[in-house]
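The same chain A turns up in both complexes below, where it pairs with chain B and then with chain C.
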Partner chain A sequence: MSVNYNKNSPSIKTRYAKLHQKENKNYTPETLSLTSQLLSINPEFYTIWNYRRQILTEGIFPLKSATEVNDLITADLNLTMSALRQNPKVYWVWNHRRWCLEHVPENPGEDQSNWRKMSWVKELRVIESFLDADPRNFHAWNYRRYVLQSPYVDHTWEQELNYTTRKIESNFSNFSAWHQRSKVYTSLWERGINDEELKSIKNQEFNLIKQAIYTDPGDQSIWLYHRWLVGEGKDEELLRREIEMIEELLSIEPDRCLDTLIHYKTLLLRHRYSLKDRDECITLSSRLRQLDPFRDGRYQDIANELLSMPNN
Partner chain B sequence: MKSNISTELLVDSHVKFIQSLGEDRDLTYHLTTHLRMNAVYWAVTALCIMGRKEALDREQMIDFVLSCWDDEAGGFGSHPGHDAHLLSTLSAIQILTIQDAVDRMDVPRVVKFISSLQTSSGTFAGDHYGETDTRFSYCAINALSLLDMKYLTPGTAVIDVDKVIDHISRCRNFDGGFGSGVGAESHAGQVWVCLAALSILGRLDIVDEKTLGWWLAERQLPNGGLNGRPEKLEDVCYSFWVLSSLSILRKLHWINRDALISFILSAQDPDDGGIADRPGDMCDVFHTLFGIAGLSLLGYPNLQDIDPVYCMPAKLIEKKGLKKTWLALPRHLS
Partner chain C sequence: METHFDVLILGTGLTQSITAAALSKAGHTVAHIDLENYYGGDQASLTQEELIDWYKKRPSQNNFISSAELLPFSRSYSISLAPALIPSVGPLIDTIVGSGVSRYGRFKLLDASFVYDSSQTLAFRRVPGSKEDIFRARDISLIDKRKLMRFLQFALSNFENKQEIGENEGTAFDTFLKDKFDLDTISREGIVYALAHCQSGTEPTLSSITRLRDYLRSAGKYGNSPFLIGHYGGLGELAQGFCRACAVNGGVYILGHKILSLKLPDESRSSPAAIELEGVPDTLTADIVIADQRHLLHADTGRPISSEEPVPQCAYAIAILNRPIGVPVSISPEEETKGHPLDTCIVTFSPGSLPTGASAVVVRALQVGEDTLSCPSGKYILYLWTKLLPLPSSMNSSKGLLQPYLDALVQPDAVEFSCFYTIDDVVDGSISGNLLTSSRTLLVPQLPPSWTEMGDVSARSAESLFREVMRLKALADEDEDEVPFWPPVDRTEEDDDEF
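And then the complex of A and B:
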């Protein structure tokens, strides 16, 4: 975290001492401004964020019109924005931003949800700018999922899938985007789609992942995702097709490919056991031990498991 | 960059580094008050692993912890005058347990504070302002079990244990890991808190050990260090979070011991003591603890055992009857 040492820092101790007014429940505009100063010096002072929310809800909002409350919330959204631009990984600031969104007042008059809807919809654009700056920031991804759950945000699963496709196409190693994709699909499958649709989606997905694998076969995230798509390998035809693809790749990046190849061949053994195929897996695992000595213990365990596999 | 890289653990320098932390009440001290209680826990735990617990004054430490009591909330804040939070409350309980002084705090009120933070979805908020995270579920389970297992046992439980387990299982991802909440990406720190909570609750059966073990083993990079997520930089703190997770799964032999030891040792400051996130960076007590704790799990010579579930001295946890089925690497002789 970076800290603003230059900005009024010599008096931080005095300012903090003044906040003992917190115990006296001093909820005035003056104490509010004191919290702004302290938070701009150090956005991790969680107690000061708490105090700020108390000042607003107990001392200030009750005296204001809905429009004024909305302006104050907008000011706090701006405050968290500048804090996040400097320190995009501070939990307390993201937390305060959520609080702001949840405290946007209802409009007086006809269009009841207008302010709220505007704030939440705007938030989706805001979060995309954070993910453009750092596509792996998990705070920003968590916040994105939070915003997408809002009833004010109309965003279909296809739109979210397209978003992750864009992220992945700009960098195949964006594991956060692959992860998000797995979540979009899981929720789609849980809602129920027919077998034909499922098959066509999975085939599209295999095409995308194949591109990724050919671009960087050394990236674990892609293999994790591939294994997830293959699952327990109940579809033998698919399993054989993917094994063939990996065997073609073997000459380029043997160690990563080998790991998954052994995994799939072991799944295949469960369909059709033969000593010859089992021994092939064991031979592959000793090759892997030589290629990747750091994880030797794991490959040894895999070989031992193959040796004790029941031959039914 | 420091030029001379150490090849052994500089125990005396680290003890001095830790002792010096509270001395200068400079600007940095005031800017880190939000972490002070955690820092004291990191410091005393690091000292315990090095067998130098007495290097910090016991009474002074207990007085500090008690001075952070937030009487309105019924929990501990990170510093006198700061609001109670689950993170600092767990650290307070851990410090008082290490110092055998739990009787000095108001246990029933703390239990009430912790149990009041469980939400309807089963997870925990860190305080009454509502931010939820699987870290906080772990804090609650760890703290309550340290105070008394009866708080988690059917019939006398003060929280809904089944709901905690259900929530953690919903935070599980396709890579076998766990995130900070439902839908969140796997991260080694979150994997550790979820595994440790499940271990305390005796529910490691819901873990996909092979997939997660693979994910964890792949955290080791060619320079020997561990990262916290795919395609990220190595950092000494993952030497604890990845290792403790592997240790809970009894798969510590799935990474290369010697390469990781060299990486941790190379992140020491040979002049002023302490360990940094990676070689050449500024040292802090957080990375000092997690580097030393990692070395202990790897069987580095002349260290005390650390319990990977609690990140506390193993002997103490065993004495309290809380030891689980984890496995560390055998300790090498010097």
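And then the complex of A and C:
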């Protein structure tokens, strides 16, 4: 089904005109139904999602019992589901889903099941199916982080780490999966970790990323994760070790990863300046200018910056 | 019963069955006969009892069977005479989907592929066939990972005009891998035998790497492996599915009746083929005959059959096991203890890799378990095959050749049943010279023994046969229209469940 983005198309125009009664705060089931029709034609029309939420909160929910509200929320979750199946990359649809989850009412006394817990737990499964279908959809990853932070969801950091491992193993060209990994580690380390443990985990990650680098050095996402692991390069030993690893790769894959090599060597220079190392970097940047003339200006800038480095 | 048909097809092997279904769907009347009372011919899926009966009909000089006693649940076994690995991209899968026969069957992916390596503690090395496999492998050095990946990327590309191929189209594939990609012995062994499925490292580069590319392109379509395996014994089940499709469109089936006489059609339409079957009162006639060698030889055509001894081409073994072969379950040793055994996997023994085995030929093993619904829970079927060298038959005992391999895969107490046999190639001259008197008899070519090629060759042969019949019909009817091999699948077609 093709989405009609044209605000001037007749079907949208008439319905939108009717909705303009919102100035009159017409929050009725009829206007709700109009929003449903509009959204099924064009789920990217965010004004209508906003209006729909207003209709529900101000016009409909106050008149309904908890069970009825829950049913309406469920209906809206289904509405977003069909919209997401058409296009899982629309911000407003994911936002509406969040709103639905946040407005699940508390179950009334007679019903023992916890509606809120049930909907959040189900949500984890829903987001997993979206990530199975497209493991590189950043909307889905964002949403996954949103679901995981809910108090109703029990999910340890180890489980999440394993999840990213599975996604990475099946296709490591997945920036979002690596990014998620870095987020898990960051929040873990913020809770407090001793230097030994940190070093050991980082070494494990360096080993993992090295497997990926040697399998496909052309993959962008793994280099980004590598840079995150190296950080500011304060650990000189680590920095030298990684530089050596790249230079070994360079020996069997000439002229690859030069940009990254210069970056790390520059970091090293900032901590321990030497003329020899600086000149090596300048030579590398000249090589890059030959290989990639399209970005000549950038490599020239790098060389200039190197030249202007202070002698410590 | 109607007694005249457009086409008479003898033998319900896969090729004939696909052709039958296609012809039926295209509106032709088909009579489909098989001497056996099961579908599938040489690709049939048999119960243990049917296998034992089948075995007993074969010349027994080089063959061996462990016992004729039936195992418990013997009827739950679907043993395939032609266990095939179906590439996820290729003519057979297109035919299965295009004909709608995919509705009748289910498939699963091959779980893993191994190469036998006596130097390893577990004796098996997993073969990496994709970027994912290479990344996850623990037993390959970084440099080797890079070289392997570089080669696989080349093999996936449009290499025909690339400089590495250049003058090397006919070069031995193994030499090419060493010289142009600097791959070590272990990597080369895996590529040549387990990824490209060559019979030897001297096979020419271009044909080998082209076949490899086909398989690499198949990987990832349904999952990490390029190959699908059909439930209930694979090709036999598929043959049956195509026969069902033919019957649904009006095809007539007669199984298990002896052929009393067969007259092949003359060139002119006024002298059609005629066949008399035991127990069937009417003589059936047809304008065109499609038949395999076995049925033509069986039928008493009054023409002399070659008196030359058949030449054994391949040796096979089938074993029923009470536990899986000892391959490592997972890629990393840490996962090893947690995993459950791999259900469906292949092991390739490169020439000389087994000290007690053959030094000049590849031996391949395929294990299937309960996930393929071919055997009861906890049991496994193991298939082994190899090509025979042209040696005197006394030196070509299938048991003598394959027993060491069986022993390398499982302990003797794991084997509940086994049989060893050879498949012979009937010398072609005996058929084509004497029996085929006109262009209206089409001979169905024998399928190659290779598990990975068998299915696609069958689909291509079927399409050729179909086109030939259409051509003969068009000449006769002066009909110019091009008929597609498979018209769009009719979603409202009702299945005849009494078939």
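Here, the second predicted complex is superposed on the first by the 281 of 312 C-alpha atoms of A that agree within 3 Å, B and C clash if a C-alpha of one lies under 4 Å from a C-alpha of the other, contacts with A are read in each partner's own complex, and residues count from 1 in each chain.
The rule is short, and it goes like this: a residue touches a chain if its C-beta (ideal position, glycine included) is under 8 Å from a C-beta of that chain, and two chains touch if they have at least 3 such contacts.
The structure presented is a predicted model; accordingly, all values stated were derived computationally and were not measured.
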item	value
Chain A as common anchor, with chain B and chain C clashing or fitting	fit
Arrangement angle, chain B at one end, chain C at the other, chain A at the vertex (C-alpha, nearest 10°)	120
Touched partner set for A:Ile252, first chain B, second chain C, both or neither	second
Partner chain in contact with A:Ser36 - chain B first, chain C second, else both or neither	neither
First (chain B), second (chain C), both or neither touched by A:Thr74	neither
Which of chain B and chain C A:Glu169 touches, first, second, both or neither	second
First, second, both or neither for A:Thr57, with chain B first and chain C second	neither
Which partner, chain B or chain C, touches more chain A residues	B
Touching partner for A:Lys210 - first (chain B), second (chain C), both, neither	second
Which superposed partner A:Ser221 touches (first chain B, second chain C, both, neither)	first
Chain C versus chain B - closest C-alpha approach in the superposed model, Å	17
Chain B and chain C contact sites that coincide on chain A, given as residue numbers	none
Residues of chain B touching chain A in the complex	27, 30-31, 33-35, 77-78, 81-83, 85, 127, 129, 131, 133, 173-175, 179-181, 183-187, 211, 213-215, 217-218, 220, 229-232, 251, 253-256, 259
Chain A residues touching chain C - in the complex, by the definition given at the top	169-172, 210-212, 214-217, 249, 252-253
Chain A - residues contacting chain B, complex	3, 5, 9-10, 12-13, 16, 19-20, 22, 41-42, 44-47, 49-50, 53, 91, 95, 98-99, 136, 138, 141-142, 145, 173, 175-176, 179-180, 182-183, 186, 219-221, 224-225, 227-228, 259, 293-298, 301
Residue ranges of chain C touching chain A (in the complex, touch as defined)	131-132, 134-136, 142-143, 145-147, 149, 224
